[in-house]
Amino acid sequence: MTPGEPGAIRVTVRLFASYAEAAGRDALALSLAPGATAADALAAVRREPWAARVPPSPAVAVNRRYAAGDVALADGDEVAIIPPVAGG
Amino acid sequence: MTPGEPGAIRVTVRLFASYAEAAGRDALALSLAPGATAADALAAVRREPWAARVPPSPAVAVNRRYAAGDVALADGDEVAIIPPVAGG
Amino acid sequence: MWAMSPWLTDQPIDVGQLLADVASAGAGGTVAFLGTVRRSVEDGDVEAIEYSAYDAMAEDELGRIVAEARERWPGVRIALRHRVGLVALGEASVAIVTAAPHRADAYAASRYLIEETKRRAPIWKKERFASGQARWVDGQRGGG
Amino acid sequence: MWAMSPWLTDQPIDVGQLLADVASAGAGGTVAFLGTVRRSVEDGDVEAIEYSAYDAMAEDELGRIVAEARERWPGVRIALRHRVGLVALGEASVAIVTAAPHRADAYAASRYLIEETKRRAPIWKKERFASGQARWVDGQRGGG
């Protein structure tokens, strides 16, 4: 499915820290099929050349909250692939 | 045994907080038989009229350290009857 | 922006202010935790740590963590600040102050808040060396 | 006299100074505990608390408690102060600051120090009321 196709949902994937540095940008725009989940967004991100550094099961957030892979996405959602955290 | 009797050991008993207030002074001088223990000093203190307020098994210190009742005293020792503590 | 933010700040943390924020006539025990940028042997000539965050989510997640602590320990008063941006060695990167009528609650809430913050806040750090080089510090998988 | 005393003081406790005293390049976690004179319903119009101590023994006993904590948690740095004399409501009567490479040790040592201080230090307190009356506060049997 390509951007603009009828029924597609558009989400923004935000990148941070080492992922943003490796990607050379801090966000991706994705167009996904209706019913797409957080895991689908992650799979799309994995096609990026820099994404080899993303671990097998990274933490993912949807709309600023940690989310499981099976969470359904809606048009306009903000998805984030969360690099291993090191605050504190 | 009275003060000055040969072989007697002389100890100072220090009083604090509510005990000192009840006794109207902050120390007692005791003369005890040789071999006297911390428990003997406590027993002598109990003969004081104000000492009804001292609980059955108060904490006692000898030379600025908590001590069991069977600790033997030496001439010049500093004994203290420690009221229930409320620091912190 | 940062002055309005409840949990993140790009300024040195004023612990005295946090203590004043939680002070109350009913507090018997107050616990302040400070996490400090530590120099270890393998760090070499680290000059500073640069913290970055997914700001909006970090604010939300720290707010959720504080709300959880308030629910678990109802009498506790809480102040929490996490630095973003450059933090010099020896400065606090995070400060958590808890005050409660009974000290056991202040300690327990403090420990909960720092453990959950480290586990869940979407915050990252990069070591900056005197040589001009920099390195992302390994972290742990973030978890809700 | 008090300025020379390691553990007792008749002046307000400067927590910032205690934090500075334990600061080191190796400290990753610092915990400060403050015990505060608390106003509770049954206290009525308490104006201040007067702490008194068996000074020489309190110094010795607090020194022993600190030495025990240093032995149990070898990497920990410790500052401790306990007030004697009049302490106003809201002021800290005791402050304990611990710093360690790992925060779990700083928390554990902090808790040990305050619990042992309360249990063992020969210190007493008297509530002073606005009316001019005063009352000794009940305590617990001191224990070595």
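Every chain is named by a letter (A, B, C and D) in the order it is written, and numbering of its residues begins at 1.
By our rule, a contact is a pair of C-beta atoms (placed from the backbone, for glycine too) under 8 Å apart; a residue touches a chain by one contact, two chains touch by 3 or more.
Not measured: the values here are computed from a predicted model.
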Exercise for the section: Could you set subunit C aside, keep the rest fixed, and say what connected groups are left? Expected result: A | B, D
Problem - Where subunit A and subunit C are represented by their mean Cα positions, the distance between them in whole Å - result: 27
Practice task
List the centre-to-centre spacing of subunit A and subunit B in whole Å, with centres computed as mean CA coordinates.
Solution key: 76
Problem - Distance between chain centroids, defined by C-alpha means - subunit B, subunit C (Å) - result: 51
Practice task
Could you list the positions in subunit C whose residues touch two or more of the other chains?
Solution key: 35, 114
Completion exercise
Two or more other chains are touched by the subunit A residues none
Completion exercise
Checked against the stated definition, the touching pairs are A-C, B-D, C-D
Practice task
Over in the complex, which subunit A residues touch subunit C? Could you list them?
Solution key: 14, 16-18, 21, 55, 57-59, 61, 64-67, 80, 82-88
Practice task
Going by the contact rule at the top, pick out the subunit D residues touching subunit B in the complex.
Solution key: 35, 51-54, 56-58, 60-61, 82, 93-94, 114, 117-126, 136-144
Completion exercise
In the complex, the residues of subunit C that touch subunit D are 15-16, 19, 23, 25-36, 38-40, 89-90, 92, 99, 101, 103, 106-107, 110-111, 114
